[in-house]
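Labels for the chains are A, B, C and D, by order of writing; each one numbers its residues from 1.
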Amino acid sequence: MAQAINQALDQAMAADPRVMILGEDVGRTGGVFRVTDGLQDRYGEDRVVDTPVAESGIVGAAFGLAVGGMRPVVEMQFMGFSYPAYDQVISHVSRIRNRSRHRFTAPLVIRIPYGGGIGAAEHHSESAEAIYAHIPGVKVVVPGSPGDAKGLLLAAIDDPDPVVFLEPIRLYRAIKEEVPEERYTTPIGESRVIRPGEDVTVVAWGSMLREARVAADLLEEEGIDAELLDVRSLVPLDEDGLISSVEKTGRAVIVHEAPRTAGLAGELIALIQERALYSLEAPVARVTGWDTVFPLKRSEHLYLPNPQVIARAVHRVMAA
Amino acid sequence: MAQAINQALDQAMAADPRVMILGEDVGRTGGVFRVTDGLQDRYGEDRVVDTPVAESGIVGAAFGLAVGGMRPVVEMQFMGFSYPAYDQVISHVSRIRNRSRHRFTAPLVIRIPYGGGIGAAEHHSESAEAIYAHIPGVKVVVPGSPGDAKGLLLAAIDDPDPVVFLEPIRLYRAIKEEVPEERYTTPIGESRVIRPGEDVTVVAWGSMLREARVAADLLEEEGIDAELLDVRSLVPLDEDGLISSVEKTGRAVIVHEAPRTAGLAGELIALIQERALYSLEAPVARVTGWDTVFPLKRSEHLYLPNPQVIARAVHRVMAA
Amino acid sequence: MAEGLQQVLTPEGELSGELPFGIDETRRLYRAMVAARLYDRKGTALQKQGRLATYAPFEGQEAAQIGSAAALRSDDWMVATYRDAAAMAYHGYPRTLLVLGRMGDERGGSPPEGVNALPPSITVGAHMLHAVGLAWAEKLRGRDRIALTYFGDGATSEGDFHEAMNFAGVFQTPVVFLCENNHYAISLRRDRQTAAATIAGKAEGYGMPGVLVDGNDLFAVYSVTAEAVQRARSGGGPTMIEALTYRLGPHTTSDDPRRYRSGEEEAEWRERDPLERVRRYLAGADAWTPGWQKAIEAEESAAIEAAVEEAEAVPAQRPEDIFASMFAEMTPQLKAQQRTLLESLA
Amino acid sequence: MAEGLQQVLTPEGELSGELPFGIDETRRLYRAMVAARLYDRKGTALQKQGRLATYAPFEGQEAAQIGSAAALRSDDWMVATYRDAAAMAYHGYPRTLLVLGRMGDERGGSPPEGVNALPPSITVGAHMLHAVGLAWAEKLRGRDRIALTYFGDGATSEGDFHEAMNFAGVFQTPVVFLCENNHYAISLRRDRQTAAATIAGKAEGYGMPGVLVDGNDLFAVYSVTAEAVQRARSGGGPTMIEALTYRLGPHTTSDDPRRYRSGEEEAEWRERDPLERVRRYLAGADAWTPGWQKAIEAEESAAIEAAVEEAEAVPAQRPEDIFASMFAEMTPQLKAQQRTLLESLA
């Protein structure tokens, strides 16, 4: 997936001189995950900018660059280091269009590697998508495959409004998949059925898709036919896609890595019961991280949802 | 309510020399809402500290003070100005106990005036309780009356862990209510039935309680008997109180000022359907702010939930 | 790097430095300051009458604002705060829109094309980074526009001030930081805001020049700003200016300064009134008469009244408008919410 | 305020200033530096073997850390970073726990009572405010403990650095800010981090003394830190020290410095090795022999091996433990989640 993102950035920069990249260590070294590898050599230090260590500064300056006519793509090194920039996002990036009634706009993309599973130090494994999804005025997308990473990122760069682009760290090097060479976009706001099924809808995004897919395989062996839905776009959400799947299956399990309380599963469940309560044959189940700090390496397996836990939740909703 | 909070602070400071107050303009002027009025005169500049304009600085320094044995109560001037301190809260205040396996703790209280209804400038009317409720390791409480404000604040100051204490701006001067003179605490983690009823549960907190109460009166005239539940403690949530009310009435409406998407109503609905799906006679309805920036004075009436809108939502769930 | 206090005209109206321009320009800028003060007093009056939601008076800071704004080219960027209506109006931000914004109408944040000024910043600190980014964009686009950003003494304590100054230094963006040190951040006195001797002295920590100027001296403010603007425009990088001034009124219409400062202190600064200083100078040069004063006051008052009337005549937004500027195109969710609102109002 | 570079011992091991202590103490601290380096190399080796989750080497920065830590009283607070294991171990933070933390076990963050050091900070910048608060608490409680906080050149760009320095200046908290300027923040060179001539020079913007010191000079680092500590302890307020040094290894074990710096530059700094400098001095004073070197290396290696073994022998936490330190008392939600986890493992 890292390569697909790199390719998307490359194509965007080649096509549009306004596109530029800012972040910590994105230039000289190509980023701690090598996602921007080679781009500074290709496009120069003015367009691939190694910034001082200052996240609010990066996003705040990128805001000004965007209002001033550039198309900045900024990288936060890890989600756990994006919080110092939260104020700039919620107070300004998301609002300038509304504040100025369309007179000024801030079309920037904020790339944030997120999620656990690599045994990293504290602050390097977080999934705080909910705090971004709650901000009116930004879109939030999460690719679950290299193909989507490329298409969604190009769509995000094209988008006339700010997009928070979440990159599942665990998938950077995990998935080998041929990605079409040419430039293409994947529309923001559309979910995707990854695996059709009749018995239960499993909803996930990012690296949880992989876990859910394995769970679906396990379940298949038991004769349970799970439909796997990749939300992809957390904001705006493809409500129709979600509802029609649940209406078909009558059961649902929502999976996310983030802590449970006030996590996005709540939002999805609220929508499901608002529009499909009478189709529900069982309570929608949540499989999520716990309401704890993300544990360090030795305990992270206790925290992260895995195929077994997902399968067990499916058993529960099938039994109800 | 401002007076009740002032009294709680006064009593806490009188009883415990470790309690101190920090914030912008809290000392000399007693705060922009006069909540800390008179306390600097009484307890001196060392214990009621006017800080520079730096929210992360306030919370970060208070963290150190708390770890070092003090009991700081900090004030963020408005919720819209609390975001620069969000990193300190999510990355450190909420985590030091876990990070050090109980060796260090940060018992501090973060008071945040929040919510709309006073026709203020941008950033002065926000309700972002969800982003605090999503942080593992902090408690989040919201008083809906002067009596609760005093009792909950004293409980928060006593609490060995950090508490985010949200104060509904609209209620500062709105409610006249005699508050017991003596020191008392209201336990964190317990909801309260404000008005018992049989037909439908209306769940709210903060200033939305007032709207919901008027709605309940309107509904009573029509013969609909609404139970009004004051959540008070968003984290930890009194799940049993919520569930038993909904099990009784079979219907629920959740009201909050915050934007809808990823707001706390989702969490409450998830819990309700997890534990009481089969009691539900209708989808739980949400009455919330829109997914927009909080509008300026001339349009804020279009944004804020009001009794009519709440009553209409109740009609909807009664009709289903 | 912070030099001594720059001054051209003493409080008594005597020359102590080099005049940057002649009598005609002085009269023009004096008039702009008079207009600003009339506007400011009108703002307070309107708020007291309930016609504005809030108002943040700048009386006493007119020279700091007009003197600096006058050093800009009309296509330069201005990124200012809630207290900078004098500078913004001078730079072409229509007074009607400033009033409309204060009435609590988002359309006040939408200046016409050609006016390169962001809506006044309400948050303290964050907007300085926006100015850095705007200036950077101009540089990258090969244009010679610069950005001027205003902020207070209190704002210098925010992390974003630091990050903005640092980015400007590292990336040599063409930006001028103008601190209106009016000695208070709401109730907090400047000497409790930072232990630094001067704010201008902070500039050295970012590798940029820092200049301390008498902010109540129209000529001096103009001169140092013009020099900084010239430096920025010619690729010489950023500058920080500390303009020493005083807010003669309350922080906002809901503040009571008697809680935190003395009448004597206010009276002392009243003596250093930036308008009176220029008036004395003009009078000494036979370029001011009471009659002229009356005439410009009448004309400017009329213009301000007209702006207020125009703002108040703007019809309310339609309810559906609160959804319409969140994105270029409304999301399905926003469309649904908009429908719900309209139905509930029907 | 930032004075010229403070140095006591030249890279060649010649005296160029005043020695702060005698030969015995020098041998003791030299030995601590040797131990630190052995620990550091062990850390890298363990990580390569997969026995640590990550490791951030500090080779080259031993004098900056040991020289400053040695100026503390044992009950003073230390608030340091992921790269400061030398300082932390010197201050009494058990190596076993430093290793345990690096293995990915939260219990590494829990030093014994009496060790006044926060667990190493992973976030850049935020922890400086914690040191300010801790120092402030000591002052309010009428005790004379001070706080010493370590951070890198990169950290000086964060808003929290600014707010910490400013609070320390305004509230005169007894804190010493020690910047280990190792010339890189991951790949970013110091001259792209800030346009300021020196980091020490930033101190003036906060009204506190700033001191520039040869960070590879054990004696000089000790001297300037001791002076700053004394100032803080006696009520004289905060100080910032910039220790010029160099990280000879990679940023962490997953970094490749060849991407952003030259071998020549590394070799130049290798010449200024802080251990070798003291060794030469000791040798010149007939206080060092190869035999002694061998002996201390053997003893310290054994102690480090023992610490590693002890850490690796710590049994895994129980699954329920991930819930047990979120609050003093688990919430009903956490109890329920704990039950769920245990059931799923059963």
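Everything below uses one rule, namely that a contact is a pair of C-beta atoms (placed from the backbone, for glycine too) under 8 Å apart; a residue touches a chain by one contact, two chains touch by 3 or more.
Keep in mind that what you see is a predicted model, and the values were worked out from it rather than measured.
The set of chains touching subunit A and also touching subunit D is given as B, C. Ranked by distance of CA centroids from subunit C, the top chain is D.
Distance from the subunit B centre to the subunit D centre is 40 Å, each centre being the mean of its Cα atoms.
The distance from the centre of subunit C to the centre of subunit D, with each centre set as the mean of the Cα atoms, comes to 44 Å.
Each chain gets one centre point, the mean of its Cα atoms, and the points for subunit A and subunit B are 30 Å apart. If you average the Cα atoms of subunit B and of subunit C, the two centres end up 36 Å apart. Listed for subunit B are residues 51-52, 54, 56-57, 80, 84, 87, 91, 98-99, 122-123, 136-137, 235, 237, 261, 290-293, each touching two or more other chains.
Within subunit C, contacts with two or more other chains are made by residues 106, 123, 157-160, 163, 166, 170, 192-194, 326, 331, 333.
Arrangement of the chains shown, judged by which pairs touch: all-to-all, with no pair of chains left without contact. Here subunit D touches subunit A in the complex through residues 53-54, 82, 101, 103-106, 122-125, 154-155, 157-160, 185-188, 192-194, 254-256, 259-260, 316-317, 319, 321-323, 326, 331, 333-334, 337, 341, 344, going by the rule given at the top. Listing the residues of subunit B that touch subunit D in their complex gives 20, 46, 49, 51-52, 54, 56-57, 60-70, 84, 87-88, 91-92, 96-105, 136-137, 139, 160-161, 189, 235-237, 239. Contacts from subunit D toward subunit C in the complex involve residues 157-163, 166, 169-170, 172, 192-197, 201-202, 204-208. Of all residues in subunit A, only 56, 80, 83-84, 86-87, 90-91, 94-95, 98-99, 122-123, 128, 130-131, 133-134, 136-137, 235, 237, 258-259, 261-270, 273-275, 277, 280, 282-286, 290-293 touch subunit B in the complex they form. Those residues of subunit B that touch subunit C in the complex are listed here as 24-25, 27-30, 32, 50-57, 80-81, 84, 119-124, 260-261, 290-293, 295-300, 302-303, 308-309, 312.
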